[in-house]
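Same chain, two partners: subunit A is paired with subunit B first, then with subunit C.
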Partner chain A sequence: MTEFDVSADVEAVVEDRDIPEDLREDVYRVVEERSLSVEAADEIAKAVENRYRETRVEPLDPVGTVSAQSIGEPGTQLTMNTFHYAGVAEIDVTQGLPRLIELVDARKTPDTPMMTIYLEDEYAESRERAHEVVWQLEATKILALGDVSTNVADMNVSIDLNPDTLQERWPTVADTGEIAGEIAEIIEDSLGVTTIQKGTNVQFGPEEPSYRDLLQLVEELREITFKGIEEISRVVIRKEDVETPEDEEREEFVLYTEGSSFGDALEIEGVDASRSSCNNIHEIHRTLGIEAARETIIEETNDTLKEQGLDNVNVRHLMLVADMMTNRGEIESIGRHGISGSKESVLARAAFEVTVNHLLDAAIHGEVDDLNGVTENVIVGKPIKLGTGDVDLRMGSLSKSGEQAD
Partner chain B sequence: MPGKQRYNRYEKARILGARALQVSYGAPVLIETDQTEPILIAAEEYDAGALPFTVRRGRGDE
Partner chain C sequence: MVNVSQHELVPEHTLLEEDELEEVLEEYDIDRTDLPKIKRKDPALPDEASVGDVVKIVRDSRTTDTAVVYRLVVE
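Let's turn to the complex of A and B:
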């Protein structure tokens, strides 16, 4: 069962204890290192079990309040500046408090969307192959492909495509004329004009001679995405040491994108969908589902805190937040528009914001408050259902053996 | 063992509080003790396992 070299007896006594898997492995490790007897192993396992029980969260603990404080306190130490470069070279990523707020508010699009794209084996090892993926990702506009000149006398626009650039960005097509043809077709489709193509030169003009239409066409031409994903404005390639699933380190190329479109990116050949990720939790939710979104919320909040040197926040607090945000099957924000705003109790909502409106609405609709939550009970002066307040104590003992002292 | 219940700190506090209140109102003390403070008497009774309380736990915990 275990990878450590311990006797079956040791394994039996340790398995018997109610402790989690990773702690159990730790026990085996110690037993192996010091070649301990079965009795000693049992003693250790017992001590570990006791300690583990003591450190567990007890029933009736106010875990939400503890989490709020445990995230809130380090939160006061976060930077309030919006921009700062992250570990990634040259890409600006929102950091610190604004990023944390963004995550907890579940914004539809983050301030600085980005993706981290890992590549499949053959693409990850060579810079050329990695570049092929880059051209599939990065949005290519006309200005990157060649020179555009406007001829007012002949009422036409002339594009001189750069053959080297074409060859580089369309590595699968050998003939540059063919690529230029493709480009001309895209122009025809999106602008509704007829084009004349000669080699790598493409010309077109407005149907009726009109100075304004001509300029309009040039404007629109600049907006067309010829290749890649519209949302992705820039891609940075970095060579990084990555740990493989077999626990080995190896160097591979990793892509960082400015702008994101996670679903589209995963479709591209060479992209390793199992490792790639995105900092927009809604895109993750749409493409990979709610569990992945939960995981991403935990990762992103944890990384945001870590980046500022606050890595001593227990993940369980972040997990609780992520669970609360996702447990209805879709991402909900914390705060007025999300979880706090959808509370059942009138009094709890009234205590939170716009008191009079809530009370008035509740009165008009004849709402009933069952006084189940904490806030309501504080308002009416009853014990709250937490800690000592939620112990249901009865007189009389059910058994004759009496109580056990702690 | 049947009836053997481990109380957590909230349950213990609740039990001690309830018992101390009874003692302060003049309930007969269930053990021999030198203590005079109701809460300390309650604590000794708790340690001796003499208190006739049951904690009902609604959710399926240990």
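Let's turn to the complex of A and C:
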């Protein structure tokens, strides 16, 4: 079962102990390294089990507070300036504290949305095939396709499309004239003008001769997306070593996009819809569901901390944050507009942020505070229901035989 | 349409039978409304799930082999 070279007896005694998988592997590693006997292995496993039990969270432990502190302290060491090139190619990604805040605030769109697109079989192996996917993703604007000239005398706009570019971006269509026709059609639909197409040249103008309308048309023309996904402004191809599910390493092309539209991207042929991901937790939630969103929150917060060299934050804290954020089946932010703001107790809400507003609203609506939580009991000076505070003790006595004497 | 369940970020979602559910609720001594929720329109949800059902989710855990969680289907 384990990858370490240990005898079946050792495995039997270690498996017998109530310890988690990762610690079990550690035990096997030590046993293998020092080629220990079965007895020694049992001793070690026993010691590990005891230590593990001691360090487990006890009932009534304030895990939330511990997590908050455990993330908050390293948070003070995160960089506060937003941009720098993070590992990934030439794509700017928000890092450090701003990214962490963005995640726990569950912002609708991140500052720098991006996607990591893995490719299927032959697309992943050849740069040319990978490029086909790039053209499906990257938004193509008119300036990338040819030259646009405005003729004020004739009151028209003339576009000289570059045949080579057309051929490259529409690899499935052989005839450049046909592609130009498609482009002309898109222009007609989006601008409501009639176009004249000759080969790779497309011309059109405003209905009534008007200098303003002409310039307006050119402005609008530049905004049209002819191919690809509107939101994706740039795609970078990188050759990377990727581990396959069979634990083999192989080289494949991976795409990184600036801007994201996860749902649309997964539909594109050649995109591996089982591995590709996105840094917008809401898009993940929409396309893959709440569990995938939870996973992404953990992954993204963990990566943000790791990137800054703060990888000693236990992942359990991040898991707790992600669990809380996804508990109601949709992504909620941590702050006043999310989880802290939806607490039952008026006093607990008031203690968090914008005290007066909460108290005023509560007074207007005649809210009642049952004093069940921690914060409100600290405020009124009652024992809190945590640790020993939640345990009621009653004195009694036992007779010698062990029966209740009372 | 993309098959969502194939994605590596999506753990296995299965509908929980009523008697299994009873056992779970008894073990944790909770009501079904105390469980975490999942929206009816969640893309990872099995098609036959309806509001009030409970799904069993088996995640690959970072701290152990697998972790089992339950979510109540709402709205």
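Here is the rule we use: the second predicted complex is superposed on the first by the 340 of 406 C-alpha atoms of A that agree within 3 Å, B and C clash if a C-alpha of one lies under 4 Å from a C-alpha of the other, contacts with A are read in each partner's own complex, and residues count from 1 in each chain.
Here, contacts are C-beta pairs under 8 Å (C-beta built on N, C-alpha and C of every residue); 3 or more make two chains touch, one makes a residue touch a chain.
Predicted model, so just to flag it, every value in this text is computed and none were measured.
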Name the contact category of A:Asn312: first (subunit B only), second (subunit C only), both, or neither. neither
With the two structures laid over each other on chain A, which partner does A:Gly329 touch: subunit B (first), subunit C (second), both, or neither? second
Contacts for A:Leu266 in the overlay, against subunit B (first) and subunit C (second): which applies, first, second, both or neither? second
Using the superposition on chain A described above, determine whether A:Ile284 touches subunit B (first), subunit C (second), both, or neither. second
Given the touch rule stated above, what does A:Arg394 touch, subunit B (first), subunit C (second), both, or neither? first
Which partner, subunit B or subunit C, touches the larger number of subunit A residues? C
Indicate the residue numbers of subunit A shared between its subunit B interface and its subunit C interface, in ascending order. none
Subunit C residues touching subunit A in their complex are 1-4, 6-11, 13, 36-39, 42-45, 57, 59, 62-65, 71, 74
Subunit B partner, complex, touching residues on subunit A are 58-60, 387-388, 390-406
Which residues of subunit B touch subunit A in their complex? 1-15, 17-18, 46-59, 61
Spell out the part of subunit A that touches subunit C in their complex, as residue ranges. 20-22, 266-267, 273-275, 277, 284, 286-292, 295-296, 298, 315-316, 319, 323, 326-330
